[in-house]
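Before anything else, here is the set of structures, which you'll find just below.
Both complexes below contain chain A, partnered by chain B and then by chain C.
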Partner chain A sequence: MSSLVVQSGRRLRGRLAGEPVGFLALIVVGAYALVACGVWLGWWGSEWSALAGPGWAAPSAEHWLGTNRLGQDILARALAATATAFEIGVLVAVVTTAIGGLAGGLSGYFSDGWPDEVLLWLMGTLDAIPFYLLVAALAFALHGHPWAMHLAMIATFWTTTARLVRAETQRIRRLPFIEAARVAGLLPRSIIVRHILPNTAHILLVQATLVFIAAIKVEVVLSFLGIGTQDSISWGVMIAEGAQDILAGQYGNFVVASLFLFGLVMAFSLFADQLQDSLDPRTQDSRWQPHG
Partner chain B sequence: MNKRSALLAFGLRKLAGAVPLILGVTLVSFVLTVHFGPDQTYALLGKNPTAAEIEQVRAQLGYDQPFVLRYADYLKRLATLDLGHAQATGEPVRSMLARTIPVSLLLLAPGFVLGTLLALILAALAAWYRGSLLDRVISGASVVGMSLSFVVILVGLQAVFGVWLGWFPVRGWSVAGVADYLHHVAVPTLAFIVATLGYNTRFFRAVLAAEMTSEQVRSARAFGIGPLRIMTVHVIGNSLLPIVTRILFSLPLLVISGSLLIESHFGIPGVGRITYAAVMSGDQPVLMAVVGLSAVLFVIAVTVADLLCRLIDPRLAST
Partner chain C sequence: MFIRQTRALICLLLLLSTACGGGADPEGTVYRHAIDGVPGSLDPAHAADVYASTLVVNIFDTLYRYRYLARPYELAPNLAEDFPEVSEDGRVFTIRLRAARFADDPAFADGRGRPVTAADVVFSLRRHFDPATRSQGAWLWRDRIVGLDAWGRDGADPQAEVAGLQALDDRTVRIELTRPYPQLVNTLAMALSAIVPPEAVAHYGREFSVRPVGSGPFQLLSLDETRAVLKPNAHFDREPLDLTAEGFDPDRHGHYGLEALDGRRYPFLDRLEVHFIAEPATRWNSFFSGRDVDNVMLPPEQAVRVLESTHPLVFRPQIERDFQTHVGRETGLVLYGFNMANPEIGYHADPERDRANHALRCAIRDAFDWAARNRVFYQGLGEVFPGVIPPFLDEYEPDLPTESIDHDPALARQRLADHGWTAEQLPVLVYGLESSVERRQMFEQFRAQLAAIGYPPEKIRRAAFGSFGEYHRAIINGQVDLFLLGWTLAYPDAQYSLQLFFGPNAAPGANLFNYANPEFDEAFRRAEPLPQGPERSALYRDLNRLVLDDCAMIGSLTRTRVHLWHPRVRMLPDREVLGGYFLRFVDVQEPPA
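Moving on to the complex of A and B:
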């Protein structure tokens, strides 16, 4: 048989086999989101910093997952950290997508003009500075301000989104309906915002999910290094504590935080894969940077 | 001759294209580490300084100069490797780098090389048997690997091999001979491989699987050429450009995040640990040198690699 038929058969089977996985992943992500909402509403996890019992207590009816070195409830901390992860992930993903979309649209629409030149130079510059050094330098320049971490992620993550949107915009702007809009006298601003960017929604959506995942993973690395989340609780903070506990033979804190982190990242990755497959099978995986 | 001069012109044009990027990365690192860095004046003064003493130190540090002149001075210092002295120890930054960079290279090179090779082999298997059970296992394991945080892998392996089994040292770096070196490098290498394998395998598999469907590979199969030769010569050979580009682009991120995390956690005296210590204590000369130099080196490396790829593949040279 011709390989084309075999291949499209395989692709179809792959998609059918992939769908339940994507659906299941979405349910898991939804469960995490519910946990985060519960924390915001004060249903659970608000006692994460209370010294609730003896240090390094084994799991019990009172402390389902035991306590850490100081006697703080590990489950409460892991739940509260879920909300922190969503706060960081959503904030970075939304701002990154907005900046990346606008910059990409602008630079793609005016390609071969000065806005494109300037934006390409800016993206090249930001991509050329090693990420963790940029974070370190930003934390240094902002004197350890708690937003240094968010700022560093936003400042670097938008470039990938912008490059993808730029390429798509260059394609779209040659289409007749954009030509028509231009002839009708619409300003470039409204052409980009109203007619081009909505047609890159598939890219923006997939990129936003990938940025969400990257932000959560980077937070863990930075908090582990001590330049991430401050005066709050996160899985990175818990893993940093847990790494010290391990030398004393206590694994609870580390294992719980790692599993919570792994579950969300894994489910969100599978969901992002499914999203990418169904929305835009042409684009290659843009996750070329292992961020953490 | 004509071809060579065209190539030379092309090379020079490429190098000239790197200049704005070098200016960009040095500008950012100057603004962050020098311009907005902590004011060093009072660190250099005794108690109760007079106004004249303050003025003198500020002039000595160049704080009274305009931005452009200070940036130009910073560029000159980077270019001549006049990097000053670390505040914490007073050691020249240049000798600190000379001492720590080899340690980081020794620490990370095995993991980087083995990890890349292993990912290529797994990706080749998955691409060759595309759609099979093997492919699905490899692809699934890649997603799992990508979902594991580097930090979790690092701490987890340390717990298993260092604390629980006690096979390898939990921290430290004393490298007297080859056996010592292997003893200390084992856990960091394993962590590095596990952390990067998923990303690399997935990317390489996508590239190789796309190449597998090319006409050239189909003809080679029709001519009865062996699988190993098809894979290495035709599939990997034709995908060299994306593979090399990816390896190169992942290099600074991996090496720097790897050396920061591994060295600060295992207490290994490499360049990551002095950078980490500099961030924590606000040691500006060290940070300035590390950020500025690595960004410039990266731009140069990318430019040179771009040139080399075009030399290897004449089709690209015309663009």
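Moving on to the complex of A and C:
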């Protein structure tokens, strides 16, 4: 597994070095991550809810991006919302990838048995429900719970990862080294965890980045609708506030939150594309060699 | 050839556009009225909100009403021929009805509306106490009318008589009260008391809420989630509009073009459309574009675009030029309440802790900045006043000390320190709100102001609810410790707002604060049977002060309603007290042909 990651890392570095757009995207994502870390460490953004000045103040030395209707600093809110976005994005991406990887591995390995049938039924059922409707319904049903939105997203996002891993597992399980492991008497659990899943790392990594972006976008949409973050700030909340501000001819909240969201989603999408190109065996010069 | 065809096509299009866009409306005179919510039901028994009232008072008749233009509000007979004859002890009311007829509807035997009788009035009031009706208005007459509560409890037998509610003949109703109730006539002007035909209630069952049949000036043509369309009730026949009797004052009303309506029979419209547009921006655009609705109640966010100044209130010249305008105070108030049943913040068995809780509530009140609330959310157009008797009532005391509405963080901190409250000891409070951007911002403002007196923000927790119903239930169930309440007075009497603190009305009743003060209850009971006058006013003022002294609420603010409408419409809009009663007096000038 570690050799695979090292190999992937080298390949990615090589690719990014030759792709300025991808490299720039990585820098932008890094900057956002730095902003999020600064918020978590209390360096900035912690005063996002304070009434720091007059309402709808223009940008000034004190409030670089002005204030909102209540007199809260728009920059502080946008920075704090970056941390919120990262929290949700990272958490949902990690948990979704873990669940999707395991479910996909199980389903693919036992593709002729009941585990596959049950998991396929479950995935089919979840996928059949309109996505935003399901997420909103779950978030609404779990209302008041601080993790409601996270749970809702995890409950719906894992199926795509699982389907991709399932297909890859079905391919890998027919390869000779898996046959050898089976003949050597390894239990299915060991085969899946030690030999199959590490060979789906390229899928999991790319899928994790896509889920990260999707989670942030969904969080913004749900927060905009009022069923997202409970007691923290989000770009969605700022955009929802901005929609009211526009009636009064005030655009600060709306523009700043939209730009922050656009910047992160765009940069991460470009980065994810680059990652996918780097790790996808079909785009490699040499054939992807699974590691047993 | 091609050029000739093109010219012909352009001419045809121009002709069509002229026919569609200009000249008289093919429907006749049409008024399109916008309101900011959807009525839940058009059954008068459920018409507890302003949206339902707007339609119900125009589809049905109530026994009484308020004069169109007279302010302060003045009661007037509507379906009743005159004011009731009242017995000397104030307990027996005899009401004569005028001749009226229900609108034609398949619910009637021959499809033709029959005359309204006293039996219909008896039926309409009794059904509030039939459990099957699930009335939202029974509380108005609970324990007030002899035998009515018992009739409901005993199975609501339609054949059984109610001693205190009888039809003496086809045109006379007798109401006997358990004790004097001077506000009875006011309740008989509310949409909840509107007169329904038993045939239609039986014919439509639950669908009566969307298939209303009444004797009011309009008849419902269609209803969906976006609008209601009404046409005049052919059987509606009242004496012509007497502007002087309605309180017309040339100085105040002279520029609305109402004089042209004097002496004419109403309703004046061929078609009335009530559009339900909850989103302020959509409502505004629909009005401002000039293509859709004819009126708008100004969203506060829009005030900066419409007003030159707020103090004094001056409209921008373009607005003055293009629209008719009217500014008035709401007949209600906005206030914050504490859940007094929670020993963490309300009443406590330990007298020392009880005093500390009182100080805590007063400190929260001192920390709250009403001026900022008014400035940020109401563009400074609201009026902040101490207590719960709003300025439009006679009992309002302009000289009442203002310390209960003054923002005084230093005093708040002092109160906390005097009673030993530290950041660690302060209780966790749940702040309830309806899920919306504005309510969330109000919460953040409230929490930030408490943070300024040392109340840790993490100890003020937000509990958001998806609808007003859920929010209301949460308050009733004691799930929230702090809540924002808007209370519209359904009749112009301070008793309507003071009842919020009457002990027997504790949640699920109107007393959502669970305020329990025997001194208050005793004075409230003494005021109940009194007619309007100095004695009652003095009692009301005492009650107001008791609530203030106990720091059971933070308040209050009364909002300013700014109405705009297109000049071709002759009216004076007012959604207070009776919702849209004025709609029967609306006329639209035909554009020149």
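Just so it is clear, the second predicted complex is superposed on the first by the 258 of 292 C-alpha atoms of A that agree within 3 Å, B and C clash if a C-alpha of one lies under 4 Å from a C-alpha of the other, contacts with A are read in each partner's own complex, and residues count from 1 in each chain.
Please note the rule applied: a residue touches a chain if its C-beta (ideal position, glycine included) is under 8 Å from a C-beta of that chain, and two chains touch if they have at least 3 such contacts.
Since we're looking at a predicted model, the values are computed, not measured.
Visitor: May I ask you to decide whether A:141 touches chain B, chain C, both, or neither, giving the answer as first, second, both or neither?
Guide: In the superposition, A:141 touches chain B alone.
Visitor: One more residue to check, A:182. First (chain B), second (chain C), both or neither?
Guide: In the superposition, A:182 touches no partner, neither chain B nor chain C.
Visitor: Which partner does A:220 reach: the first (chain B), the second (chain C), both, or neither?
Guide: first
Visitor: May I ask you to decide whether A:50 touches chain B, chain C, both, or neither, giving the answer as first, second, both or neither?
Guide: In the superposition, A:50 contacts chain C only.
Visitor: Thinking of the overlay built on chain A, is A:202 touched by chain B (first), by chain C (second), by both, or by neither?
Guide: neither
Visitor: Would you check which partner chain A:246 touches, where first means chain B only, second means chain C only, and both and neither mean what they say?
Guide: In the superposition, A:246 contacts both chain B and chain C.
Visitor: If you count the residues of chain A that each partner touches, which comes out higher, chain B or chain C?
Guide: With both complexes superposed on chain A, more residues of chain A are touched by B.
Visitor: On the A-aligned overlay, A:258 touches which partner chain: chain B = first, chain C = second, or both, or neither?
Guide: first
Visitor: Based on the A-chain superposition described above, do chain B and chain C contact any of the same residues on chain A, and if so which?
Guide: Shared contact residues on chain A (touching chain B in one complex, chain C in the other): 140, 143, 226-227, 243, 246-247, 249.
Visitor: Over in the complex, which chain C residues touch chain A? Could you list them?
Guide: 280-281, 284, 299, 301-305, 372, 375-376, 435-438, 440-441, 444-445, 447-449, 451, 457, 461-464, 466
Visitor: In their complex, what parts of chain A are in touch with chain C?
Guide: Spelled out, the residues of chain A in touch with chain C are 49-51, 55, 69-72, 140, 143-144, 226-227, 230-231, 237, 240-241, 243-249.
Visitor: Once bound in the complex, which stretches of chain A touch chain B?
Guide: Touching chain B from chain A are residues 3, 7, 10, 14, 121-122, 124-126, 128-134, 136-143, 217, 220-221, 224-227, 236, 239, 242-243, 246-247, 249, 251, 254, 258, 261-262, 265-266, 269-270, 273, 284-285, 287-292.
Visitor: Under the touch definition given earlier, write down the residues of chain B that touch chain A in their complex.
Guide: 20-21, 24-25, 27-29, 31-33, 36-38, 130-131, 143-144, 146-152, 155-156, 158-159, 163, 170, 195-196, 199, 202-203, 206, 213, 218, 246, 249-250, 252-254, 256-257, 260-261, 264-265, 275-276, 279-280, 282, 284, 287, 290-291, 294-295, 298-299, 302
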